[in-house]
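Each chain gets a letter, A, B, C and D, in the order it is written, and its residues are counted from 1.
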Amino acid sequence: MKYFIKEEQIRFRHTDFAGIVFYPRFLEMLNDLVEDWFDEALDRPFSKIHETNGIPTVDLKVQFKNAARIGEVLTKKLWVKELKNSSVVCGFTFSNQDDKTVLEGEVTLVNVAITEDRKSITSKAFNEEIVQKITNYKL
Amino acid sequence: MKYFIKEEQIRFRHTDFAGIVFYPRFLEMLNDLVEDWFDEALDRPFSKIHETNGIPTVDLKVQFKNAARIGEVLTKKLWVKELKNSSVVCGFTFSNQDDKTVLEGEVTLVNVAITEDRKSITSKAFNEEIVQKITNYKL
Amino acid sequence: MKYFIKEEQIRFRHTDFAGIVFYPRFLEMLNDLVEDWFDEALDRPFSKIHETNGIPTVDLKVQFKNAARIGEVLTKKLWVKELKNSSVVCGFTFSNQDDKTVLEGEVTLVNVAITEDRKSITSKAFNEEIVQKITNYKL
Amino acid sequence: MKYFIKEEQIRFRHTDFAGIVFYPRFLEMLNDLVEDWFDEALDRPFSKIHETNGIPTVDLKVQFKNAARIGEVLTKKLWVKELKNSSVVCGFTFSNQDDKTVLEGEVTLVNVAITEDRKSITSKAFNEEIVQKITNYKL
């Protein structure tokens, strides 16, 4: 029943010739948000899970509403829309300091196991412990 | 009535710890595809249009179907789903050498004018010449 | 007579197939460090200077000493080795939580003016105010 | 006794607010050049070597001489300055279509073995076959 919230400042490396954020950089910021959520809220830091597991993104929908410029600080918000057996659909918004929505969308993440030779990837049910933690962010 | 098609090889810089393409890199590849389409098919190279105009992405939907690994060569396909006054909705697929779909989706691009001080961005109707060229890729 | 110091956490997006930071990402981190130095210590935020000025990198030397892995927090240090009329040579080190040097090097930045049409870039002497602030970081 | 040569076009994703290539992107282009050299000239594609081996960069020196802008095609040249037991020092230059040097420098690559758990990285002598191939590019 709560949002996971982080702030991120727009850096020179994010912006393009038009002086605004190049949109693939927004998705790096989204990946950071998911990474922070797993680390800080779900107790599954990427530094641990990527030895034998992963959380690949399988579906992404984004609407870019307003440009963001260097120096601005964005508020990134994430919540759970739907939790399935081995996947979770999260909603997200990034807004600026004038409280305007910069972008909004939804992303579907799948819990997977990776074989030791990293050749095979298969989906795997979330365990009970993480299900409970994820549920805290269900709106 | 045709696809715009380019190939791109997966490079070391595209891949992540799991040995597969990090998904924001796919969107850089998509941006390259749009850039090539404007340059080679629509006669509007980004090197020209970005002085006074731009083609920002306002909506993006992607489904990631299969992983892509270093050394693979992807075939990137783009076509027009809908052409409006100042925007165009394009479909796209990336497939691998086994003809498996790596990803598919749709992206909406808006034609904009940028003021000389680059502070203001406003949408602007496509001119007739480019409308005709875009229409060639309508499926 | 002091260092400019910032911390940065290694993220998933920084790492490559070998599970360590892909070295061009270290240079994005270096650029962030320079950006923070201009913003926080020299009172010249990039959001302001890039309208008419810039600080391009003209020379870079880096020795990569130890790998950095996801989850690690690096301490990034910067100081001034030499201040010239329109350029500054900075030393830098990144070290990890075990106080091991991850990388060290030096970077030369040039103060430039950019014409309004962004076609011409020429070097320009630093003004007295910034010279004084830069000098604080001279070792 | 020869150069390894590739061309690369400057893309929108390479450029920054100043309309020129953001320098960490040049190092991604350099990494692509090394990757192509190993794949096409040394018969050691990164897709193979990164299962058990790697070629990390341990030393880098670059001088950025001229800006590069979107649409330009750069000629990237690489050669061998010194071949040691387990490392190789390569020279490189990127030049533009007016034959102006955009950047030049040298990079030191080390041949390493990676343990299966990817926790340990140790340098390893180049084998005779690759030594012979590398020597072809010694100037």
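Criterion: a contact is a pair of C-beta atoms (placed from the backbone, for glycine too) under 8 Å apart; a residue touches a chain by one contact, two chains touch by 3 or more.
A quick note: this is a predicted structure, and the numbers were derived from the prediction, not measured.
*Asks:* With centres defined as the mean of C-alpha atoms, identify the chain lying farthest from chain C.
*Replies:* Result for the farthest chain: B.
*Asks:* So using the touch definition from the top, which pair is joined by more C-beta contacts, B-C or B-D?
*Replies:* So, comparing the two chain pairs, more contacts are at B-D.
*Asks:* Report, in whole Å, the distance between the mean C-alpha point of chain A and the mean C-alpha point of chain B.
*Replies:* 23
*Asks:* Taking each chain's centre as the mean of its CA atoms, how far is chain B from chain D in angstrom?
*Replies:* 28
*Asks:* Quick one: chain B and chain C, Cα centre-to-centre, how many Å?
*Replies:* Averaging C-alpha atoms per chain gives centres 33 Å apart.
*Asks:* At least two other chains touched by the same residue of chain A: list those residues.
*Replies:* Each of 12-13, 17, 19, 22, 24, 28, 31, 50, 70 in chain A touches at least two other chains.
*Asks:* Could you pull out which chain B residues touch chain A in their complex?
*Replies:* Within the complex, chain B touches chain A at residues 17-20, 22-25, 27-28, 31, 50, 54, 56-65, 67, 114, 118, 121.
*Asks:* Considering only the defined contacts, which chain B positions touch chain C in the complex?
*Replies:* Per the touch definition, chain B meets chain C at residues 12-13, 15-17, 19, 22, 24, 70, 116.
*Asks:* Quick one: in the complex, what on chain D touches chain B?
*Replies:* Residues 11-13, 19, 28, 31-32, 35, 39, 45-47, 50, 69-71.
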